[in-house]
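Below, chain A partners chain B and then partners chain C, in two separate complexes.
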Partner chain A sequence: MVGKNCFAIASDRRLGVQLQTIATDFQRISKIHDRVFLGLSGLATDAQTLYQRLVFRHKLYQLREERDMKPETFANLVSALLYEKRFGPYFCQPVIAGLGDEDKPFICTMDSIGAKELAKDFVVAGTASESLYGACESMFKEDMEPEELFETVSQALLSSVDRDCLSGWGGHVYVVTPTEVKERILKGRMD
Partner chain B sequence: MGDSQYSFSLTTFSPSGKLVQIEHALTAVGSGQTSLGIKAANGVVIATEKKLPSILVDETSVQKIQCLTPNIGVVYSGMGPDFRVLVRKSRKQAEQYHRLYKEPIPVTQLVRETAAVMQEFTQSGGVRPFGVSLLVAGYDDNGPQLYQLDPSGSYFSWKASAMGKNVSNAKTFLEKRYTDDMELDDAVHTAILTLKEGFEGQISGKNIEIGIIGTDKKFWVLTPAEIDDYLAEVE
Partner chain C sequence: MKLDTTGMESAAPVWGSHNELVDGFSAAPSFELPNTTDFDGFQKEAIQMVKPAKGTTTLAFIFKEGVMVAADSRASMGGYISSQSVKKIIEINPYMLGTMAGGAADCQFWHRNLGIKCRLHELANKRRISVTGASKLLANILYSYRGMGLSVGTMIAGWDETGPGLYYVDNEGGRLKGMRFSVGSGSPYAYGVLDNGYRYDMSVEEAAELARRAIYHATFRDGASGGVASVYYVGPNGWKKLSGDDVGELHYRYYPVMPSTVEQEMAEVTGA
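Entry: the complex of A and B
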């Protein structure tokens, strides 16, 4: 979700196989560099492999070009990588959030074969995405400061995952401003 | 030296540590038509002689300066057909980069990849090195840049450089005339004067080519009429 010169990216913490919960502290959001974060929902093995491939590509980019990737560029790279596997796709949905030039927040999501969806306010992905769309739509306000953004994102996340039996066991929220990254763990209904 | 015994195969070093074929390629470049480039504070200019083999040749069909991307241009000294092959490969690499990242390729990256292609042809079987040296002029987020690429695949960033027939005179002239805070127009005038130094015959908009890129980041080749205007200013 986008705020004023900042953004927040959040996920739940459950890792499960249908009705069995395997882990309650699963990290779904990873840092690509200080200003670009990637959340991957869907099949855990594909999420891990995709993450490793993207980190690999980004590290090479950093070495060759001696600079970090902009979030728009990174989103394009993810889209291209996903489409390479068009007829045998990665079963995950990425959510990309970053601060671009002049600290302008950038967010986007895409489907599992790389169709980008840019948005100015919020993007969602995962099993609870329908609830999330509704919660974010009603709770979102333009130009929120980091603290208010954190509250909004947390409320939207917790209320949506409570309505989804496959999501839950708390939340993980990152609020990123040009100067710092605040990582917070939410305690919700632990079920 | 025993060098001549090692000049048959590109991929064999001579005892003096040289690859003789690359030396010969540089000789081919050195006998090509003069070309030069100058990096100004707010842009880059590249220029070359356009001496055609006969007055019957339609000079509008010959374009020695080409653009690789909207903000990167290139000129050469040496063998024209080799140049065309390199331009084609570089353009493809620039487009591939854009397809992957949706960003225009930085000048350094394009130069590095083109140089890698040139180097491949010095270490493969059954091929010969490219008989051209390239001057790549571009303007990206790191400002104006000018690079020279040699047949060996090595590249350097230059403030001003020349290649081809009149290289030593041209370089001496450039060394004297170059200043760090030169503006683009001054650089064009200096380029014309440098070409004039070694020019046989009457210089005009029809027998030289000039390409410039300024802060607008658009590379374009001057028309003969525009070149004639600059020539008039220089007189």
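Entry: the complex of A and C
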């Protein structure tokens, strides 16, 4: 979700196999570099592999260009990598969030074959995505400060995953401003 | 089928793709194709293969003082939670309880129907029906509807002249007598806790805590169970509801959050 010169990216913490919960501390959001974060929902093995391939490509980029990737460029890279596997796709939906030029927040999501969806306010992905759309739509306001943004994102996440059997068991929220990254863990319903 | 691959120039090298369709292109990149004729539908078929079973957790066990019955309260439609406050323990009459697992409508209707039949038996024979008799009535009804798509996995628990009684009855027409049962998608987790902590001579409080704990663990591990853990006790004077604890709160009661040691302290850097 986008705020005033900042963004927040949040995920739940469950790792499960259909109905069985395997772990309640699964990291779904990873840092590509200080100003770009990637969240991957869906099949855990594909999320891990995709993340590793993206980090590899970003490191190559850093060596060649001697700078970090802009979030818009990174989104293009993810989209291309996903479409390469058009007939045997990675079963994950990425959520990309970053701070672009002049600290302007950039967010986008994709389906599992790389169709980019840019938004100015919020993007969602996962099994509870329909609930999340509803919650974010009603709670979102323009130009929120980091603290208020954190509250909004946390409430939207927790209320949506409480209506989904396959999500929840806690929450993980990163609030990123031009000067700092705040990582917080949410206490949620563990059922 | 010749695919037009002129538009594909990927930076990643392609190796080891033995694909008879594009054997003509030696060094050109290509899409890896699956081994089916239906490119769009084969993934859907794979997902359809595994479908989840009755999404709930219920348990009941006989001990020295009577029967303990417990259940969660979540109703799920596929992945969506339709309710967190469903009554899954149905009161057939003041001394018999039935649990609900499977189709909610099926269980509610047939349990009420069973209650009617039990009352008719009482009026006709001037004495209460036994748990054996009641479970047999239900099992025979469900057997006659075999194959018609009813989904019922229930336990009939009660106290009659012979003492405590517990039967498991399901939509296939199966009927089992036993001392410990758990039904639903969360039952393996509940069995783990229940079997470990079970002793025949427990007090009512100990048995209630065991039942509550077993339901809590099932709600923690199973995605289709959750909400409120209700515990009922059936004794010589009939059934009594002992507790209905929200499982979210039970977690933090059993595993309170300890302030963790700070690993990385962030310090303010002035003039960065």
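As a convention for this text, the second predicted complex is superposed on the first by the 191 of 191 C-alpha atoms of A that agree within 3 Å, B and C clash if a C-alpha of one lies under 4 Å from a C-alpha of the other, contacts with A are read in each partner's own complex, and residues count from 1 in each chain.
In this section, contacts are C-beta pairs under 8 Å (C-beta built on N, C-alpha and C of every residue); 3 or more make two chains touch, one makes a residue touch a chain.
Since the structure is predicted, the reported quantities are computational estimates derived from the model, not experimental observations.
With chain A as the common reference for superposition, the partners chain B and chain C occupy compatible, non-clashing space. When the shared chain is aligned, chain C comes close enough to touch A:127, but chain B does not.
Applying the stated contact rule after C-alpha superposition, one finds that A:189 touches chain C and leaves chain B untouched. In the superposed model, A:64 lies in contact with chain B only, and not with chain C. More chain A residues lie in contact with C than with the other chain of the pair chain B and chain C. By the document's definition of touching, of the two partners only chain C reaches A:87; chain B does not.
After superposition on chain A, the vertex angle at the CA centre of chain A, spanning the CA centres of chain B and chain C, is 150 degrees to the nearest 10.
In the superposition on chain A, A:16 makes contact with chain C only, not with chain B.
In the superposed pair of complexes, A:163 makes contact with chain C only, with no contact to chain B. Closest CA pair between chain B and chain C after superposition: 7 Å apart.
Shared interface residues of chain A (contacting chain B in one complex, chain C in the other): 80. Within the complex formed with chain B, the residues of chain A that make contact are 64-65, 69-70, 72-73, 76-77, 80. Contact residues on chain C toward chain A in their complex (touch as defined above): 10, 12, 31-34, 39, 50, 52, 55, 72, 74, 76, 79-81, 84, 185, 219-227, 247-248, 251-252, 257, 266, 272.
Across the complex, chain A meets chain C through its residues 16, 18-21, 80, 84-88, 127-128, 162-166, 179-180, 187-191. Partner chain A is touched in their complex by these residues of chain B: 99-103, 106, 108-109, 112.
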